[in-house]
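All chains are identified by letter, namely A, B, C, D, E and F, in their written order; residue positions are counted from 1 within each chain.
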Amino acid sequence: MAKKKSVNDSKVIMTEMVLPNDTNTLDNLMGGRLMHWMDICAAIAAQKHSNRTVVTASVDNISFRKAIPLGSVVTLESHVTRTFNSSMEIYIKATAEKIPFGKKLEISNQAFFTFVAVDQGGHPIEIPDVIPETDVEKELNAGALRRRQLRLVLAKRMKVADAKELKDYLDNA
Amino acid sequence: MAKKKSVNDSKVIMTEMVLPNDTNTLDNLMGGRLMHWMDICAAIAAQKHSNRTVVTASVDNISFRKAIPLGSVVTLESHVTRTFNSSMEIYIKATAEKIPFGKKLEISNQAFFTFVAVDQGGHPIEIPDVIPETDVEKELNAGALRRRQLRLVLAKRMKVADAKELKDYLDNA
Amino acid sequence: MAKKKSVNDSKVIMTEMVLPNDTNTLDNLMGGRLMHWMDICAAIAAQKHSNRTVVTASVDNISFRKAIPLGSVVTLESHVTRTFNSSMEIYIKATAEKIPFGKKLEISNQAFFTFVAVDQGGHPIEIPDVIPETDVEKELNAGALRRRQLRLVLAKRMKVADAKELKDYLDNA
Amino acid sequence: MAKKKSVNDSKVIMTEMVLPNDTNTLDNLMGGRLMHWMDICAAIAAQKHSNRTVVTASVDNISFRKAIPLGSVVTLESHVTRTFNSSMEIYIKATAEKIPFGKKLEISNQAFFTFVAVDQGGHPIEIPDVIPETDVEKELNAGALRRRQLRLVLAKRMKVADAKELKDYLDNA
Amino acid sequence: MAKKKSVNDSKVIMTEMVLPNDTNTLDNLMGGRLMHWMDICAAIAAQKHSNRTVVTASVDNISFRKAIPLGSVVTLESHVTRTFNSSMEIYIKATAEKIPFGKKLEISNQAFFTFVAVDQGGHPIEIPDVIPETDVEKELNAGALRRRQLRLVLAKRMKVADAKELKDYLDNA
Amino acid sequence: MAKKKSVNDSKVIMTEMVLPNDTNTLDNLMGGRLMHWMDICAAIAAQKHSNRTVVTASVDNISFRKAIPLGSVVTLESHVTRTFNSSMEIYIKATAEKIPFGKKLEISNQAFFTFVAVDQGGHPIEIPDVIPETDVEKELNAGALRRRQLRLVLAKRMKVADAKELKDYLDNA
């Protein structure tokens, strides 16, 4: 289990069409359906990194910025950003297009999910580290530390005083 | 639109059975399906408060603490905690039971969603205020301010220095 | 198994949104989908009363009185009315609202389902009695006898002459 | 609209496989799913007879006699039995088979649904009469009168004293 | 296993309503959904002939000739045409009607699927022969040989020179 | 409309998890569900090339070579191979993996679908040409001619004698 893997090893692309049952009464994609797709896309990335069954541990704050209309094609991309023993943070980006009108919707949604790799009995199991290579990968890898501290603080399992990276970020935010 | 409404006016209870297609390969409920149910339950609470069509604006950090097995019954309860012009924060609690074995799973999941009320053209529209009455309602109402500041800070639309309630909370967390 | 339970122990509230795939070509909820929801809501009440796996034994005559349009929110409420050894009668009420227009549809649908509690081998198993407390609960409990007689008469397993409560009711109906 | 149609004109055969999401925790078909299929099968028969959009008006008492296991093939057959101005009674028979084991389950379920034909505005509209030809068709046609009286009595829209056919039947049942 | 069966033994009729989620942005049935229904209808015919679990081995070229609008009723009919040791060719015809407007769409789609009968371990197992009786059944039975040769040629498992029936057909086509 | 597009402009990657309702009684993916996914993946590629609404015109012979078990991840890749006025041939490759066991299933399925681009009235409309660049793209582009001739021959709209490329291929096959 000493093996390290690159970010590319966990990359997943998923494409979905927005069908009638995915939409609200304004004929726009419901937020809950998008989160459902994000969770599946992120779970597959976590599986690819760990070669294990994985379970969703948490999802970070997500903002839904623009309505995605019926008939749009939604492309989801995900990959591991950083690992912590048996858990992994996964980055997901979702972009929507209304293709027959050649219209790429400018703003996309992004999210961070955390998954835990488990054995067949459901117990957490150690996973390989991930090696960030590009600048974007390195930035996501560095930020993972601070996002994890925020998760622990919100769960009252860490004090802000002990969360150095989070504190630095918030002081400058 | 000066009318105020009580928290009770928006209370929603939703019950779902965990069916095979809702589960992962360990036969436990997938996180994404639970988020999908939370979004619907929260949207109905937001509709009941505003008597308007509503759209999901954001979801806060959610932790998934325990596996919920196939055949469980999940009860979701939601209501408005606080309003901000045309947006509302909704509190959702999800509890799971494996009823035929008389087993109430001890730990439940909770989440905060934000919804915006819109008119038929999709434009934000003002909504009534909510009046918290019980101690729990008042605590959720007070905390909504700080959670909103965190959302704005994470979205880089507010500085921590300007987020008094959030800062106080984090300093003491 | 001598334990008795109150009606409240089995109360279930379920909420569903009417989505496109639930509707007919007039954009109204299909009767079959509503019956499907009623069956799930009633099954959970029967599970809560018996703490057992339950199977649908029968459904009584249901009238569908008013069309329920796309986008409505349907609230289903169910509870046990009376038990007979291993079987239970469940009362279900379904009310629909078109919330964004503040319109509570006046008329709701009601139904009576009968469930049998079974062990893991699928064999009927004895269940606790139910104690009706309020006037409405007592009336439903009393009527259950007559409704059961009608089920047995329709199934040719009882003669009207032997069905005292049913006969009295029909003579005065 | 003076045209009469034969029973054959409305006959529908529908076949469904019992998939995992259709089953309860004993891996048997849920009663509500079977009712959903019955409603669709009956609605198509009502459409075929009336060449109109139809809405479910009521369903009569249904007994579920035997468990139908996962992987079974369910065959539903439906046709009109009798018409009443704008409404029709539909007979549905559902038979299940576990084909790979060559096992025809002996007992099948039957149900009677009532549908109303409507115009595009949702208003009831007159439909052709049906002419029963075989002995079975004639028996179902005759019984429809008594079943309709029972529906009206249960809905408190008719007195048993005025329901000659129902009274005769019950006196001899 | 020497038993022979008639074509009638495997006949299946399946009826589906075109619901919103089955349609594309022009409100017409998606080709993939129709293929999904064809596969289920054909699999049941193959099960009925072989009394075995069956798996899809191949599907022949299908043309989709006319759009089938939302709300249509699609009737699928299937039966075995010819057997080859453990595999069977199944013929499927799909006809669509827009019943409330009394409009039978003139052109229907047809397809040929091949299924293999397998034992519980998933291994191919011998099946009964089929005896074609009517002229149409005999013609479909004869053509099955040529269609099988085309499948083998396209899979590069046979040379056209060795495919006598296919060659004769193509030379005259 | 004189614009030409590269093959890359239409490339689509779609990822699906095999859930319980997608499987047969051996817990393997049903062929019809895979075809449904292929149709959606191909339709999106056709949309991306044409920037139009598209409808499925035909699917070529598909062989299903290996069982894909429950819990597998299926990756579908599609792109345009060649255009003919308003129609496009799309190539789709589907690969399956059982990731938690690090097992890439060796054999993948491939298919060719044909789509027609239509205007809002459903009438065929001219589309850009595609320029194959790599060797693989050029080979798929060349083969499209012969596959189209086979479609026309099977539909009895062309004689083999007039189908030069098909004839050459079959003579050497």
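Quick notes
Everything that follows uses one rule, which is that a residue touches a chain if its C-beta (ideal position, glycine included) is under 8 Å from a C-beta of that chain, and two chains touch if they have at least 3 such contacts.
Computed from a predicted structure; not experimentally measured.
The fewest steps needed to get from chain A to chain D, moving only between touching chains, is 2. Common neighbours of chain C and chain F, listed by label, are A, B, D, E.
As for how the two copies chain A and chain E face one another, under half of their interface residue numbers coincide. With respect to chain D, maximal separation of chain centres occurs for A (centres as means of Cα atoms). Interface comparison, B-C versus E-F: the pair with the greater number of contacting C-beta pairs is E-F.
Seen as a C-alpha superposition, chain B sits on chain F after a turn of 120°, to the nearest 5.
Look at where the CA atoms of chain A average out and do the same for chain B: the two points lie 20 Å apart. Chain centres here are Cα means. That of chain D falls 43 Å from that of chain F. Inter-chain spacing, taken between the CA centroids of chain B and chain E, is 49 Å. In chain A, the positions touching at least two other chains are 20-21, 25, 40, 43, 53, 100. This structure has the following touching chain pairs: A-B, A-C, A-E, A-F, B-C, B-D, B-F, C-D, C-E, D-E, D-F, E-F.
Against chain F, the residues of chain A that register as touching in their complex are 12-17, 40-41, 43-44, 47-48, 51-53, 73, 99-102.
Partner chain A is touched in their complex by these residues of chain C: 19-21, 70-71, 100. Residue ranges of chain D in contact with chain B, taken from their complex: 20-21, 23, 25. In the complex of the two chains, the chain D residues touching chain C come out as 24-26, 28, 30-33, 35-40, 43, 53, 55-64, 67, 113, 118, 120, 122, 150-151, 153-156, 159-160, 170-171, 173.
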